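Consider the two complexes below, in which chain A is the common component and chain B and chain C are the respective partners.
Right, the complex of A and B next:
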């Protein structure tokens, strides 16, 4: 793992080579670890420093951090993408992760005026507009309502947006890394709205953040009353500052921009507000120059996270794990297919772990690599039976003006030397 | 949350008081936030700094960390408990957490010679003993086997051990905090053993760590072949150093000491090794001076995490959330009962989230507090129908010599002023 997956260390690759299927070398045979390490390998027979000397004690890190050997596992940005880091994005290192939980320190960030640093005791959430009684909640108030915990993915509508015009970015961290999945703790948005008393004509809700950008979005009341959460924890602990500390909206399955961070205001109205973030941005410009609006849900999608450009194959042939993520804003994932030959043959992948609606699903395809070049793709099918489309199929309908909602099938080319590239095939 | 839950800030409690059921105050009424904040409350009408100025950009923290306002949410040790921090323990701050996932930075630590710092490319796992072909695996080898992801609790056998002789420690972090729950990624231990080829008389397995203590335990082969994992990730990213980086054993439902960290050696034998950690330690000394051995599974157990001594009630009466955790080393949790009057009346708690075997289960009991004193208890029932016992029932069978496997019902006394204490009632 770790260092051995780091493309920068590609030159050490051959020290990991294996004959045959790999996976364990006979101690007595000359073939231990591909011949480089025989029975007398000092790594087996000598006492290492970590076995000789005691390490740091339990009081060394009250809040822990990753091993120094994992320093490459970080969020990364793309310098040329935005003019200023205060209105920018960085990306989750999907190629370094497994399972479906994203550690809090690695959840991608997107903000419009930097990270608001809010003192929780001074934060308020106001509910007003078409309600019987306008209300103000402190954080302490909020935590006296019944709580729920749910694992949901959050995907930016612009995830994979740079790929509309062909293969652009070399790594799933950059092509698909505006994506994370954590367990949220919060209260149903419905409880706060019902406490204020919704008027009959209250069909839309405005959610506004307390950051300097005052980011705001209109949400149909039907969704607000269905499954939205006002959340204050992620993976058990308080929300991270860059994820909206002390409180954010959770809008399961819908585009990340609507999950308003640093939530301070909920206004009930009878029509959408048509703000900048739902007209100039977060609409889908079609080939004819007209824009689709209110395309809120994230469609069925998947990506192979390893191997991928930042996680090349480090062996020559044999037992090989292909793994990735699948998700749908419309519910659970029913099936994932994987191809290694660019779509000539598809194989049903193994779905692992609990299947939760509007959460990431981890899939695996274990196969014996014969050392030839590969064209890897994954194709997800959600509980509605909808199948993830090709990028060409998307372009045929929507042209190439789009930025948002690109859920097309991703292709990785694996060379005979194990290197991986972002490509398109027709 | 955060500051307002901090006992050290108890003197500010009255600024959060509420009339009636609480949970939102009318904007126009004098009663906004209990009278302290009226409609003209500057916290509502004035622009705050975080709304006026942009914050840090996305490139400020490649690996994120919690808000500075959450500095009290840390692992803590008990200074008098052990002679030296290199062979010691610290505790998960359960009272500050919600849901069932423990963030990696807050998982309690227990090690016998400090934290081994292992370079993953130099680490090896040897499988030998009663096998056809002794094998050595690199980390790269390991990751070519089929992987699985599972959410499991890990509880130290000594968790709550100091409570055998009565209420000792004032906080669930200390009484129950040798407990965490994460999603592990790993390969089945079975795959490695089958690759080496088990001999027919291989009925026991020795698992040994690469740290300076060379911590080792004997595991029945039946368990090793059933559900044990050789794990290299927790909550998606690499194991933390203090949790066994780069690789540890996962022994679902069984005492934490057996989940050997920094795993380097697996020896197949035909009987248990009877090492220090399974004779002098991790056995259960009965009243008659004899010790029970091989009490591996962690029994059905629960604890209320809030309110608790470190998380007092901050309001005078009204809508109140009681929450806690339940778990069983024998499978899922069927039901949790909560009492607020020391067991005279029991109420069925609300179980939240996915019910996963040998994982934590989060429960809630929402009630209207009348401001009188409370004696809070929770009682878990697992899928076998086994009911968590009282501490007195445990002592009647096992005496008071024990350290390990205390799964007795915990009582918290809540005073009229909201303070909470660890007590025992008969």
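Right, the complex of A and C next:
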């Protein structure tokens, strides 16, 4: 009993919510009227299986997995977004997570020709173009450069892109889940470039992957020499195959498409290449028919992850924790404000945990819910003083067809019954 | 060498660089020798491409549309194709070479790539002569219609970013909030057949 085959565990969160509220009320009533009672919660008064029988030994889980009771905490796909699942995207379950580090197995995936499976001994990295000596590195070579550890968010340029025309997908996993944040271990990209000897006219860098999409982007040399990493570990272990094993590019604060996975080639040039992923894709169409290109940075943004449509309020009125994430490609987050009345009044939230540039920041707003409906929003301000705009402010300038770079303020409507919906309000 | 402080790696050979250095720039740098006509391209396209992209580049199902969409970039539902949106022909050659056909990439010869690129120009009415031959020599003379309509990132000049004053905290808007759009009404999360505009 009480394992994952329990029918109650398979019911929807909505019915679970109803059951939880009812049960809680009944217990509370009994507690008030009962005084000293012989009866009580059978989970306390009866000996439970886990308290009586031995569990699995240490050799049963050589690489551990989450509890079976967390089976809903998974990446999810939205099938209609793309033509097929090979060149597609899935979503990090932000509503189930806390802190700022994304577990490796939950980091959203975005591939353009599926997951390349490459044995590390077969992988090569080439540096050529406007360099003194074109070079080839093996993974063993790469591991001998000085290493660094850095925590950065990676956000897909299309995160929230489905929401440009209005509220569409009901859950922050789907509206904001093309996002993860891990600690990368790797070497400075500039070490590889300088090892080959950069020529003075080398102002752009082409980074290309080894997968069947030949993913490639042009990166200004100034950025390449500043803070980019060639990373081979995430959160302490090797990159996951779906994150570019054995090696990927890390481009702090910039759109995820540029973080080339299965990185195999670095070409130095004197102008951008204008390949498919920086012309047809990852350019931002404006209302006047013209399009921005080279929109590299991910701007200041935040979202309340709980409560949210997939994480309704499951308790009655009283103490309530609102929590979420804020981030900016321009540095650290200075402040996050939260409103419960749709922007009429704002309260400065509490940031907790590390505050690192171009990393996720965790915020909390603790308050007493009076049981009335709520219109929740969060508004981030970064260290440069950039304020997260409303969706209406973005649309006023850009129209509705940019696809990429939607960092507008998200609204969740919380009903009196605790259910939460993605809405737009005026 | 100025930066060679670690002594790691080895020199790349000319053949190794040639094998991987496939990129083509707008100015034509990177193009290999070769040539192909619209008519030759039609045959290759019909055999290798049309099952997904359609006989006329119109796209089958949700597969990408390659042709048409002229004068739709200001429309409510823009159709961004090679002819209506892409700025450079070099991108067509480069991308077909590096990534197409989807699931079986890197198998086309340079003459086939020139021919396919020529046929895509024909489907997009950029060239109208079925005997048109595209080659390394004339490649850079072909311009796509939308080249002039791209501009550099200027987001931080938008009014909401230019204003660095701290925003309102109290009594910022009058009245009560009114819901103008419900995601639950649309009901496309997450396993429905279609939604209100995807991302590809």
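Definition applied: the second predicted complex is superposed on the first by the 388 of 426 C-alpha atoms of A that agree within 3 Å, B and C clash if a C-alpha of one lies under 4 Å from a C-alpha of the other, contacts with A are read in each partner's own complex, and residues count from 1 in each chain.
Note that in this section a residue touches a chain if its C-beta (ideal position, glycine included) is under 8 Å from a C-beta of that chain, and two chains touch if they have at least 3 such contacts.
What you see is a predicted model, and the numbers here were worked out from it, not measured in a lab.
**Q** Answer with first, second, both or neither: which of chain B and chain C does A:235 touch in the superposed model?
**A** A:235: touches chain B, not chain C.
**Q** Would you sort A:279 into first (chain B), second (chain C), both or neither based on which partner it touches?
**A** It touches chain C, and chain B stays clear.
**Q** Once the shared chain is lined up, is A:413 touching chain B (first), chain C (second), both, or neither of them?
**A** The answer is second: A:413 touches chain C but not chain B.
**Q** A:206 contacts which: chain B (first), chain C (second), both, neither?
**A** After superposition on chain A, A:206 lies in contact with chain C alone.
**Q** Should A:74 be classified as contacting the first partner (chain B), the second (chain C), both, or neither?
**A** Once the two structures are laid over each other on A, A:74 reaches chain B alone.
**Q** Chain A residues in contact: does chain B have more, or chain C?
**A** Ranking chain B and chain C by residues of chain A touched puts B first.
**Q** Figure out whether A:86 sits in contact with chain B (first) or chain C (second), or with both, or with neither.
**A** both
**Q** For A:426, decide between first (touching chain B), second (touching chain C), both and neither.
**A** second
**Q** Name the contact category of A:111: first (chain B only), second (chain C only), both, or neither.
**A** first
**Q** In the superposed arrangement, does A:137 touch chain B (first), chain C (second), both or neither?
**A** In the superposition, A:137 touches chain B and chain C alike.
**Q** Across the two complexes, what residues of chain A are contacted by chain B and by chain C?
**A** 76-77, 84, 86, 89, 113, 126-128, 133-137, 141, 144-145, 192, 195-196, 212, 214.
**Q** Under the touch definition given earlier, write down the residues of chain C that touch chain A in their complex.
**A** The contact residues of chain C facing chain A are 1-6, 8-12, 16-17, 20-27, 61-64, 73-74, 78, 80, 82, 85-88, 90-91, 94-95, 98-99, 102-103, 105-106, 149-156, 158-161, 163-164, 166-173, 176-184, 186-200.
**Q** Which residues of chain A touch chain C in their complex?
**A** 76-84, 86-87, 89, 112-113, 126-128, 132-137, 141, 144-145, 158, 161-162, 164-171, 174, 190-198, 206, 208, 212-214, 216, 264-265, 267, 269, 271, 273-276, 279-281, 283, 285, 287-297, 299, 309, 337, 341-346, 348, 375, 379, 381, 384-387, 389-390, 393-394, 397, 401, 403, 405, 413, 421-426
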